[in-house]
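Going by the order they are written in, the chains are A, B, C and D; count residues from 1 in each one.
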Amino acid sequence: MSKSRVEMLSDGIFAIAITLLVLTIPPPAHYQHLGHELTNRWPSLAAYAVSFGVIGIMWLNHHSVFGNFARVDRGLFYLNLALLMTIVFLPYPTGVLGEALRRGQGARVAAVAYSVTMTVNAYAWGAVWLYASGRRRLLEPEFPEDRRAGATLAFTVGTILYTLSIGVALLNAYACLAFHGLLAVYYALDPLSRRASRAAAMADPGSP
Amino acid sequence: MSKSRVEMLSDGIFAIAITLLVLTIPPPAHYQHLGHELTNRWPSLAAYAVSFGVIGIMWLNHHSVFGNFARVDRGLFYLNLALLMTIVFLPYPTGVLGEALRRGQGARVAAVAYSVTMTVNAYAWGAVWLYASGRRRLLEPEFPEDRRAGATLAFTVGTILYTLSIGVALLNAYACLAFHGLLAVYYALDPLSRRASRAAAMADPGSP
Amino acid sequence: MSKSRVEMLSDGIFAIAITLLVLTIPPPAHYQHLGHELTNRWPSLAAYAVSFGVIGIMWLNHHSVFGNFARVDRGLFYLNLALLMTIVFLPYPTGVLGEALRRGQGARVAAVAYSVTMTVNAYAWGAVWLYASGRRRLLEPEFPEDRRAGATLAFTVGTILYTLSIGVALLNAYACLAFHGLLAVYYALDPLSRRASRAAAMADPGSP
Amino acid sequence: MSKSRVEMLSDGIFAIAITLLVLTIPPPAHYQHLGHELTNRWPSLAAYAVSFGVIGIMWLNHHSVFGNFARVDRGLFYLNLALLMTIVFLPYPTGVLGEALRRGQGARVAAVAYSVTMTVNAYAWGAVWLYASGRRRLLEPEFPEDRRAGATLAFTVGTILYTLSIGVALLNAYACLAFHGLLAVYYALDPLSRRASRAAAMADPGSP
């Protein structure tokens, strides 16, 4: 199985999912007080921005993680497919959360649905990593052994943080959305991952 | 005609069709009892998951099958286009089936529509294979002759199983959805195809 | 400007437009008589199939035509963009035509809208060709001079036939849809184009 | 981080955003006076055409600008993501503006929303450029120093012109749409950028 073709399929699916997000912002119901109608939709806009950031940063991390794999086998393909399924699903809870916040109805339920989606996603990430790195099944030979445990820890912390987001959702939907925004920023700035990609860059010239 | 460009077009269409599936889950009608509204939609979610798996596994098989072709001619292009037309159509019966199951109305009709779509798809797969493998028209020279009959048998069994799914749909819509899920798992685990891809991998180093 | 990147952008837009077509089939309004509801939608399905074929065959021809260009400049980029704009627009009149035929209201108007879109598309094709082939501005040096006039004639005939389809639309909407289906088949079988691609294939080994 | 993969992700997102625009044209509400219904929608069509041109030309400029970058780092990736977020958002204000003009209600508010989106987009372009060109952080070594100030000036003028479009929107929504069309044409014809791409083409043979 060609790794680059699986990466291209993943890239395509990321690109489409991130673009479909705009369809989650409900069009104005009437145009008489359009300014009011549009500013009222700010929670949809906020949810759109958070999910856009989440998917964009995930694309980057997907890129980094797969860069450490020497090849893709059927098992990884199916786990990656499960991961993509949760990403592609994200526009649905994004739309529901934005609309629930605007209406002031069902916001906590919507935030739970959003957090559950993200949690399943985090577990799919963990499964991808554990499958590919376990006994170095698909890892690049250049990948340093001491970084393996660190990465596993990072994925484990990720699943715990996202599971926690379900609790935050039960408390307050706005706090939950902010929490997901902060998690995205954390993953964007994550020094571990940056160190990793620098290490990968150094290892790169050595690869054929 | 460049084979890689036809494969890239197919990949793109697979990626978009799999992503559009999320639009088949109907948004909540009201937000007052949102928890109830969302859990009520589990048949749409189940149909989404089955169709997602179906398209993902088909992408993989498309990849495997085309990997055995030396080139693409106009005839194969048009048959592949017909195949893509049935895949791209899948979101429609997926959405109808999920909604019919939720409403408890028209579920068997919807399951028949889903199964007919999948059956036409199976025939399109058969046509692609028979056209390309007949008199080894487009097969790689490395493709072993004794695997040709086995593959033709596998495609024939596929068309029979999918035709059978129309009968299952007439009995029970839930059973029909489960049947399609099982067929997808069967194609995902199919030892024949795995043996084939392993053989192809072995043949690969010998190709220029 | 990299020709391959313009071709990839075009390919992506073709792939998305062809996949969005499925959204033009209206979902069932009610599920009580679902069989009736779905079979009623056959004009939408027919319009979907015709437009799918049209876009698929255009992708192939786009591929052939651009294969004869040595490079892409800004002028060709903008004409190609205009061409893509008419292709991307096609789902709209496709959806309107299918629905108008089902309702038995406004079918001729809808068929005119469809035909006008296709006519503008044909003129855009003509403009792309005339711009790129005029004084051999962007043609491959290997492209035989005597094939140039033939191709120009073919594009001219295309614009005439599509303009004619507006007349057919005024007579009967079903006939118009069939006419567009036939035109697609004609472009799919077109011996001139097939001869051209064979000639291009022969010329290909000579190119660097 | 692979520059070509970031460019491919961007290309994919451009292609999808430009294709989703067609979904912003509202389908006919009734089919009895379909001719009237469709011709009434000309503002949606005009908004569609302007936004299509805007995104198409931006794709070209994205291509030109990134062609001058030697590589992509995390900072540029996130700024590019912010830029893509505003482009992907464009279908929403496009749809609202077309519908507001048709209804003759809320047109100025809709034009302001469109102009604000474009202004944020212009600032994102400026940020991409300033980040990558500042102290020549990511510029190709071949990029001539004297062209740097000119390009910075062009981006600054762009942000001013787009900020001005908010004022035009407050005066008249049609004028605002025309203004955005003219800005797109200006960016399409922009002699500076054409000179730049010619210079880049000349520099190209010297690059490895």
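Here, a residue touches a chain if its C-beta (ideal position, glycine included) is under 8 Å from a C-beta of that chain, and two chains touch if they have at least 3 such contacts.
Being a predicted model, the structure only gives us computed values, none of them experimental.
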item	value
Proportion of interface numbers common to subunit C and subunit D (over half same, under half different)	different
Identity of the chain that, by mean CA position, is farthest from subunit C	A
Averaged-CA centre spacing for the pair subunit C and subunit A, given as whole angstrom	37
Subunit A and subunit B: spacing of chain centres that average the CA atoms, whole Å	26
Per-residue overlap in subunit C, given as positions that touch at least 2 other chains	8, 12, 16, 20, 23
Pairwise chain contacts under the document criterion	A-B, A-D, B-C, C-D
Subunit A contact footprint on subunit D (complex, rising order)	1-2, 5, 8-9, 12-13, 16-17, 20, 23, 74, 77-78, 81, 84-85, 88-89, 91-92, 95-96, 99-100, 103, 105-106, 109-110, 113
Of subunit C, residues touching subunit B in the complex	8, 11-12, 14-16, 18-23, 25, 27-28, 31-35, 37-38, 48-49, 52-53, 56, 59-60, 63, 188, 194, 197
